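Order of writing sets the chain letters: A, B, C and D. Residues in each chain are counted from 1.
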Amino acid sequence: MIDRIKKKAEELLRTKQVDLIIGYKRAPDGVSVAPVFIDKAEETKELIWDTYCVYNLSNYLKDFRGRKIGIIAKACDARSIIVLLQENQLKRKDIFIIGVECSGIVDEKKLLSISPQTSELGFDERCRSCKPSKPPIYDVLIVQEGQRPQAPRLEKDPYGSVRKSEAKSISEKFKLWQEEFSRCIRCYACRQICPLCYCPRCVADQTQPSWLSRAHSFRGNFTWNVTRAMHLAGRCIDCGECERACPVGIPLRDINKKIEKDVKELFNYEAGLSAEQKALLSCFDKNDPEDFIR
Amino acid sequence: MKIGVFVCHCGTNIAATVDVERVSQEAAKEPRVKFSTTYRYMCSDPGQNLIKEAVKKHHLDRIVIASCSPSLHEKTFRKCAEKAGVNPYLMEMANIREHCSWVHQDRVEATAKAIELIRLALAKVSRNKPLEYLYIPIEKKVLIIGGGIAGIQSAIDIAFANYPAVILEREPSIGGRMARFDKTFPTLDCAACILTPKMVTVSQSKHVTMHTYSEIEGVKGHVGDFTVTIRKKARSVDINKCTGCGACYNKCPVRVPSEFDMGLGKRTAIYIPFPQAVPNVPVIDRQNCLWFTKQKCGICKKICPFEAIDYDMQDEIIEEKFGAIIVASGFTQFNHAVYGEYGYGKYKDAITGLHFERMANSSGPTGGKIIRPSDGKEARDVVFIQCVGSRDEQKGLSYCSRLCCMYTAKHALLLKEHNKDAQAYVFYIDIRAAGKNYEEFVKKVQDEYGAVYLRGRVSRIFEKSGKLIVRGADTLSGAQIEIKADLVVLATGLVAQPDAPGLARMLHIPYDRNNLFTEAHPKLAPVETITSGVFLTGACQSPKDIPDTVATASAASVKALGLMVQDRLQREPLVAKVDAKTCSGCFACIQACSFTAIEEEEIEDKRLKKKRLIAKVLEGVCTGCGNCTAVCRMSAIDLEGFSNRQIMEEIEAL
Amino acid sequence: MPSEKFFVKEDLYNKLEELSKEFEIIGPRELPNKGIFYQSLKNTRDLYLGEGFAIEPIKRFFLKPSEWIFDERFRENKNILEGIPLPADKRIIISVRPCETRGLTLLDKVFDSDYKDNFYINNRKRTIIIGLACNKPAKNCFCTSMGGSPIESRGMDVLIFDMDRGLIAEILTDRGRELFASIGEGLNEGQRRLLKEDKEKKKDLVEKKLSPPEGKELDKIFESDYWEDVSRPCIGCGICTYLCPTCHCFDLVDERRKRLRCYDSCSFPDFTLEASGVNPRPTKKERYRQRVFHKFDYFKKNFGENLCVGCGRCIRHCPVKIDIADIVDKVPGLKKE
Amino acid sequence: MTATEGSPERKRGKDKKDWEPRIVGFLCKWCSYAGADLAGTSRLQYPPNIRIVRVPCSGRVNPLFVLKCLVNGIDGVLVSGCHIGDCHYSEGNFYARRRFVILKRLLEYLGIDPRRFQMSWISASEGDKWARVVKELVEEIKQAGPNTEFRKGI
């Protein structure tokens, strides 16, 4: 697979179809993977592809607006590209998507044992609720050859854990999230790693008005985390990057999943499947639920 | 910042429950407040003078008025501020009457709340920005949707003021419902006699253009500058060549039921709906014309001396600009098929009021004879049933259609006039005859024309030996009544046109659950809509008789002319604004704007040194609803007057 | 001068239990699947004494992520500024890694030198720090290249060594001596030898090396494209700075009529955004370069040391694997040994 | 009565005993605000716990407004607009309905008592409904208790 990726990348740069390739390379630690930006055909040798390629590289597309970019994209990454197209953040003609067939990526945190209580190594949780292994959008698709590696076992109910949490009592839920949010250090890594957090100036940084408290307190942290989640409603494609980036282990995917589930159940809406669909909150249906309204 | 707080007693309305003096003292202690006082009636001239003098004396630059609801006096105090030399948008009101003194009795609590409400207003006003009125140019032309009496009257009024009017009518002729009526209550003028001259006036006016046999396809823009797309349906007859000689329809071999005559008479495939049609130009009914159905015949084309017949004519789409729109799209009849007990459709001799009108008309299909459609014999005993559909929430309409009582009385009278031996029976719930000479008219019908009025509902109608047996109750005498009727006439209610909601959406005007268009205010703005530049007249808004319709038509015309005579239009500057630096160009706002008031704009981004697309608000189109601001994740779009800073400041002050 | 004491973990727990009446006991605690976090310990047995590193260093207890620095009140038509009272309660932070306290000694140079920061100084004064020498430095640790080591004790009151059979505490200050007066016993000869051996062994445990640039070497490549290349993967989050034991930049914001001081990061675009709209560090290149220069150039010029303790947190937690040591090591044109 | 010092904590009952809920209502100016006006004109009595922020349309209400209220310790938040179909701007309340069902569910998921954030449709003619909704709201929020969690810490 990697040879074909390299070949394609090399060809794209050589024939000047793209100015830059965004891909994966080995990190200095020799195990994990880092993003790489290649503009010379001969440097495509550096590219790699394996189950450590956790990044959603589409996050970098905003840095290169107006240039022709080749990007390596897994299924989840491609879905965020669709949302970016939907929201006019990209021009389709400016990007060349090298879609890669993916059979799950590793849970990097456990693997690199940042948390010493390492449980069994394995796939990232998010891959267990992701069905498609092929990106929904690509210009060229690099499929796996030979025997397919073992894919992660799919969850029967992708929202099982959400349902479980929903069933808890209000005070239990509150206590749980109070603890989680209390660790938030407001580094905004969740925002910065998110391909869909492309706002030129995030509300969190605005001061006129000051939408949310800068204080590293439950008050400020709660507001930030709810704001982030609300702003991804109907947009999040569950690439899980926010949770991976979070240094203090806040289960951000759980919040995203909760909204994803509601949006699907209430409005039959799924993000990142078509660049033509309207933004969830910029449209409505006459029959939207209103049993919660007096 | 120097804020002045003015607390109104409103006589005792506020002062009885709220300790206004204390409120004023507390307000004076708030940050930035330089002056605070109370007065008996702040909205009165002396009250306003007090404000003006205080502004001058204390150099106030912002004003908070603690009084009644802004819905009532916001405009008053904005003007007052302006006269005092303070930007009108640097004034905020604290509603300490409707939201405080009137809804609370405890003086301590109400006073405390009033202080907080002022604190809220202070917070908001501290973030207000001076705003300047917006001015927009006006296209000096009025569109009138509908060519019934409402539309005709509007066109005449506008033309009289020497402004161009365009009537859009989907039928081949103007005239509408009124053209079908025989006589009009209570004066018994012949409808045609009073309508036809108006139709002629319209057709001869150099200021009026008519698009008959045309439909509205779309409306863009805003007051002063509407762009309307009109589909001129293919008439198959060249309106410029036709002289209305009638040769074509006299020779046409096809006979189909006439819509104008409610199916009681026949018309040809090339036809004019009625003799006085304006324009007097036939139209080919392509569904029934032999040329179009079987590619045969072609007689009309051969016979027309002016070569006006054009079988190949296509629909034409035109775009025209207007400064104002008058909606006069009228009504239709309630479909009473839901009342199985009245036997409509089952029994040929159960008809509606409009059928009766056509029969009573001497130039109508029966030549003025009231007959039984089943056998053509003259009807003697006729039962009129009122409130068919009206005032029946279960099966029909919640409202009263207002004119059925009167037209039924008129029918009872006409019946007697057409046939001395006839007898009218009227089943009614209540008689509503509120109008000049209306009650007298009904009385006359009962007393002089011998119409029998029975208060009660009809329970069943069935056929027996050629007659319709009408069973009902007379609730006044308590007797069960059974009448052997020759004819039953149902006074069906008035309902909105089936496509009214579509039109409303095009025009961005609201409509109620009966699909009737909603006026801006039921009392004080009865012909205006919330979309400025769009006015209502006639029965598209609510059931109206001819005098009311004509009155609202003239009212709507005056409103439209009020716009026409202005050089430019002043608008409240409470519109959305985009901060170019913050906008990402995701255009969530464009998708969420119900008024297409936002468009894409290319700017040079100095920071990125690149061109990029961002959102731009068309100030003239924006209605200031603020929906865009709430879907904007980066808060790049904000609403003047209700800005994020203002609202957040209010929240922080709570 | 320093004296040593030997005791077992149980003794320590009991001692902490006793001290918790007088002091707030803060120490690392392992949260399953989340990592290790310093917390105020209700139960002293929650104390983590393993090999892992806390995600956040103890910086947060001295230079707080956010704190009110004054209060504005409005009385009788006047704005009045009121100071925020300084907390006086005493604290013990235990099981602190040498690099973290090394970080404090660097912060002291900023907040307790010419400029005296009362909030910081008060926090320093009211806190006793008990360190824990590293038995197993992490892959990304490079403290020995930054003048520290797994047994570095600067800034501590006591340093504990986790030996197989128990703990040995090296008492470094009077405060520490007082605290540990009634626990354990002095070392015997064998134990003393063991400790010496252990210290020797630990010094060499750190594998990652970095030779920081000397003198004006960095200045020469200020304008180099190198910075653009190395900063490309940077996503501009605040992890590296917020988790750094030495980064100390803060922002002042007014909220709810009070003034708040909170962490800020040179990696945020808004960090240098001026009121005029001009941003002297408009791109990631300038921002990342600033980080490197502040640590290995400016601070050294001002205070004679690198503003880095080699704890490896910024590398460990960087979501895109930016390795500052690697970047500094590979600065073009540096002479290599 | 009120102290006038600038601290936002002013006037909050120190004891739970004399605690009265503080409720914020975001009311569209065409329907709900006018409905509240009508309640006044009709002299309908209701508890004084609600403060109204006047907005042009329920569609104007940014979820962040609601969030800000809650974290500022407001005990209950109400967003109220025109009934579906009555919106002055024809569609604003449709958007509001969609956006706030998501927020409401999310807040509940995160452990915020669902009684603290509510929505209602109140028309300009429903003064009685306004008074009733306020009464009910005050009762419910009283049961939910004071919203103090966010006041802890900084």
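Here is the rule we use: a residue touches a chain if its C-beta (ideal position, glycine included) is under 8 Å from a C-beta of that chain, and two chains touch if they have at least 3 such contacts.
Nothing here was measured: the structure is a model prediction, and the numbers come from that model.
Undergrad: Any idea which chain sits dead centre by C-alpha averages?
TA: The most central chain, going by mean C-alpha position, is D.
Undergrad: Count the C-beta pairs in contact for A-C and for C-D, then report the pair with the higher count.
TA: A-C
Undergrad: Centroid from C-alpha atoms only, then distance subunit B to subunit D, rounded to Å. What do you get?
TA: 34
Undergrad: Suppose each chain is reduced to the average of its Cα coordinates; what separation in Å results between subunit C and subunit D?
TA: So the centre of subunit C lies 45 Å away from the centre of subunit D.
Undergrad: Could you tell me the distance, in whole angstrom, between the mean C-alpha positions of subunit B and subunit C?
TA: 72
Undergrad: Touching two or more other chains, which residues of subunit D qualify?
TA: Only 4, 6, 8, 63, 68, 72, 91, 95, 99, 154 qualify.
Undergrad: Could you say which residues in subunit A touch two or more other chains, in rising order?
TA: 201, 203, 210-211, 213, 215-217, 220, 281-282
Undergrad: Can you list every residue of subunit C that touches 2 or more other chains, as numbers and ranges?
TA: Subunit C, residues with two or more chain partners: 66, 74, 256, 260.
Undergrad: May I ask you to sort the chain touch graph into line, ring, star, complete or other?
TA: Shape of the chain contacts: complete, all pairs touching.
Undergrad: So in the complex, which bits of subunit D are touching subunit A?
TA: Going by the criterion above, the answer is residues 63-64, 67-68, 71-72, 84, 91, 94-95, 97-99, 101-114, 118-121, 133, 136, 149-154.
Undergrad: Considering only the defined contacts, which subunit A positions touch subunit C in the complex?
TA: Contact set of subunit A toward subunit C: 27-29, 32-37, 55, 59-60, 63, 112, 114-117, 119, 183, 185-189, 191-193, 201, 205, 207, 210, 213-217, 220, 241, 244-245, 247-249.
Undergrad: Spell out the part of subunit C that touches subunit D in their complex, as residue ranges.
TA: Residues 66-68, 71-75, 256-257, 260 of subunit C touch subunit D in their complex.
Undergrad: Considering only the defined contacts, which subunit D positions touch subunit C in the complex?
TA: 4-8, 154
Undergrad: With touch defined as at the start, can you tell me which subunit C residues reach subunit B in the complex?
TA: Residues 74, 76-77, 79, 256, 277, 279, 282 of subunit C touch subunit B in their complex.
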